[in-house]
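Once you scroll down, you'll see the structures, which are given as structure tokens.
Each of the two complexes below includes subunit A, the first together with subunit B, the second together with subunit C.
This part shows the complex of A and B:
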């Protein structure tokens, strides 16, 4: 913790940043994202297993209030660094415009309000089996190496369970799950990779995606969202955490990621130079479904 | 005709340069084919957003055909390659949420393949006829009833 604060102060002193985006303790004792805009703020910065939020969401270019702060330093875990790499890859930000404070991470909890120490019961599922204990995209790397979190890896269990269902059962399941959606678009707002200036879901002439929370709009929206994130989703789990209806959106994203991995051998990394699979093609791509 | 009176309505999104011309050839060659397909002409398969397919189903289509130039024949060099990746992923996602991906027929039909177009139309129509009407979306009245 002190190492992070000292580094933050040093960055301000050397005038390398105008603001640092990190985490602080909130009024209830949990953790929340915070901006340090002056050197005095640096003592508020914390980093621990409750720092769930993906701060890369704040640096997407549509958040102009963040861009107005000036040169930004940002605290990133390995998963957040993948989102930053995605934004660089897709020309949304420039690498030289941000200072990345990479954190060695031993996994985070499911909910930032959980105050107990990290244990197999409260660890976020995405952290179990996560192989990246530290980002490879960073300017400064902070903290001591941490062990991988313990816990039973159930990540793909639910996915294969759904895959083994009959199509009718799958449809019934998704009708129930997506039927809960109120189309609040929290999943989009929180997603670091959903940065379009004008989202297709907001278009009304014609309304490609119905805006009312009807099954039509809900299926159109969630299928489109998953497709637009295929090969881009960094698996930070923020959509699922933000969803007020507790729809397991990560399932759709992970399914898309699996498809992309199986078909195009692509997994999302924090290397901005690695091209994404959508927007690229190979002459010999599999086309078994095309007559 | 099958034993039911169900006639599927099928929307075909086709590219201007190959399949549309191929369908035109099928017509001028007086090939008989199922009359269930409504063609929507687009510049390229690369122009076909997956939302077009979703929208077709929302508006009452029972099946969709997507067709364009064969690989290496794209008028715009690479539109069909991009489309191929997009449809490959979309198709599997459809399957994952329980919508039968076979309701959507993907094919490459060139400008000279009038006969193949007729085959694609007939095969898709027969297949969708067997599936029956696409009834995934509840009607507003069913919503109120819940």
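This part shows the complex of A and C:
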């Protein structure tokens, strides 16, 4: 913790940042995003297994009030760095405009209000089987190496269960899950990769996606979002965590990621130079579906 | 009225079954398991045994019973050169809510003010009329609850037709409206005469809630009235993602959008859907101009509407302190600490003026 605070202060002293996005303790004893705008704020910064939030969501250019803070330093775990790389890859931010404070990470809990130590029962699903203990995209790397988190449930276990269902059973399941959606769009707002200036769900002339939270509207919205995130979703789990209806949206994104990996040999990475299938064209891309 | 009745556990199940058999929709907190934890959610009861009256606060509020996330205002069909309209095709289903939390029951009465203000919202009042609310005293609270700071309490019966207080072997039932009396009277066989005088509720729970936050609402309102441009707004809004989760899980937020949806070449529906003031689209004009240009303006609106605009117009705070917005926020926006901060500044401003 002290290492992080000292580094943050140094960045302010050397005038390399105007603000640092990190984490701080909140009133309830959990952790929340912190905006350190002066050197005195740096002593509030913390980093531990409760630092669930993907702070890359705050640096997308549509957050004008964050951009107004000036040059940003951002505390990133490996999964968050994948989102930063995505924003650079897709020309939303410039690498040289941000200072990345990479954190060595041993996994996080599923809810930042959980105060108990990390254990197999409270670890975030995405951390089980995550092989990246630290980002490769960073300016500074902080913390001691940490072991991988233990967990009982395999990352793709639920997905495999659903894949083994009959189409009728699957449809019934998704009708129940997506039927809960009231279209608050928290999934989109917290997503670091949902940075469109104008989302297709907000377009009204014509209304490509009905805004009503009925089956038609909800299926259209969630499937469109999953397709738009195929090969882009960094699996940070923020959409699931933000969903007030507790819809396991990550299942859709993970399914799409598996298809992209199988067909294009691409897994989302924190190397911004590696092109993603959705934004790249190759002569040998599969195209049998066009015929 | 105000006959004191008892409803024991067995009779509660039978009462619910009677209602279901008579075709009434019964909404209650239902036991649910989410990631190994026991939670509750308001839902239509299929089996009386699922009901969880003494459990945690349901994660989502009761408002969709009287204000569905989407509803049809009318169907339209073109017939030659004219349009045929069928209003309120869904009608109002007779509903009994058993186990509404005080914060959810009170919310409906608070929102009645705006729904019956310059235009009487017949869909809202139609459902209100068709719904009888049996609220129950809370038996749990957490660090997000703050009902006592906005004039309510874990035992407040506001907005309820009947109020259940847990006692030995069941609930003591207090009747507050003629609608409540009518319902209980038509099922009188399920209720017994209460023997002992009403027990005073232990103040323990109320004190716990009070420890989270205490306020003088009129001071908050005064401060808000004078601090539209305070730097606080920008500082708070930095963290906000601008999603609608806080509004959608709020028992008192009631904003909506109206859309026309075609359902064929010559027919369609006009619908009313929940909307929220936090996403940019809410105030976007057709010209592209947005009077609430950034999250600072939008977040300020949320606080202003609840604690200044609504109180000024209707004499009511548009918040029942249920704490759901605190629990749901992915960014850790915490209304309890925000109100605490405003309260502190209001005190400071008061002592220096």
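Here is the rule we use: the second predicted complex is superposed on the first by the 282 of 291 C-alpha atoms of A that agree within 3 Å, B and C clash if a C-alpha of one lies under 4 Å from a C-alpha of the other, contacts with A are read in each partner's own complex, and residues count from 1 in each chain.
One rule holds in what follows: contacts are C-beta pairs under 8 Å (C-beta built on N, C-alpha and C of every residue); 3 or more make two chains touch, one makes a residue touch a chain.
All values derive from a computational prediction rather than experimental measurement.
Engineer: Fit or clash for subunit B plus subunit C once both are placed on subunit A?
Structural biologist: On the shared subunit A, the partners fit.
Engineer: Just to be sure I read the superposition right, which of the two partners does A:102 touch: subunit B = first, subunit C = second, or both, or neither?
Structural biologist: neither
Engineer: Applying the touch criterion given at the start, work out whether A:151 contacts subunit B, subunit C, both or neither, answering first, second, both or neither.
Structural biologist: Neither partner.
Engineer: For A:252, using the defined touch cut-off, is the partner it touches subunit B, subunit C, both, or neither? Pick first, second, both or neither.
Structural biologist: first
Engineer: Return first, second, both or neither, reflecting whether A:73 touches subunit B, subunit C, both chains, or no partner chain.
Structural biologist: It touches nothing on subunit B or subunit C.
Engineer: With the C-alpha centre of subunit A at the apex, what angle separates the C-alpha centres of subunit B and subunit C, reported to the nearest 10°?
Structural biologist: With subunit A as the vertex, subunit B and subunit C sit 90 degrees apart.
Engineer: Report for A:163: first if it touches subunit B alone, second if subunit C alone, otherwise both or neither.
Structural biologist: Once the two structures are laid over each other on A, A:163 reaches subunit B alone.
Engineer: Would you sort A:200 into first (subunit B), second (subunit C), both or neither based on which partner it touches?
Structural biologist: first
Engineer: Could you tell me if A:189 is touching subunit B, subunit C, both of them or neither one (first, second, both, neither)?
Structural biologist: second
Engineer: After superposition on the shared chain, which partner residues are touched by A:214: those of subunit B (first), subunit C (second), both, or neither?
Structural biologist: After superposing on A, A:214 lies in contact with both subunit B and subunit C.
Engineer: Quick one: minimum Cα-Cα distance, subunit B versus subunit C, in the superposed arrangement, integer Å.
Structural biologist: In this superposition, no C-alpha atom of subunit B lies closer than 5 Å to one of subunit C.
Engineer: So which positions on subunit A get touched by both subunit B and subunit C?
Structural biologist: In subunit A, residues 210, 214 are touched by subunit B and also by subunit C.
Engineer: Residues of subunit B touching subunit A in their complex?
Structural biologist: My answer: residues 49-51, 54-55, 58, 71-72, 78, 81-82, 84-101, 105-108, 120, 123, 136-138, 140, 143.
Engineer: Which residues of subunit C touch subunit A in the complex?
Structural biologist: 34-36, 59-60, 69-70, 143-144, 234-235, 237-239, 241-245, 247-249, 257, 259, 261, 271, 273-274, 276, 279, 281, 294-296, 326, 328, 330-332, 334, 336-337
Engineer: What residues of subunit A sit close enough to touch subunit B in their complex?
Structural biologist: Within the complex, subunit A touches subunit B at residues 162-163, 167-175, 178, 200, 208-210, 214-216, 219-220, 222-224, 226-227, 230, 252, 255-256, 259-260, 263-264, 277-283, 285-287, 289-291.
Engineer: Using the touch rule from the top, collect the residues of subunit A that touch subunit C in their complex.
Structural biologist: Subunit A reaches subunit C through residues 26-28, 30-33, 35, 53, 57-58, 63-66, 69, 110, 112, 121, 182-186, 188-190, 202, 207, 210-214, 217, 238, 241-246.
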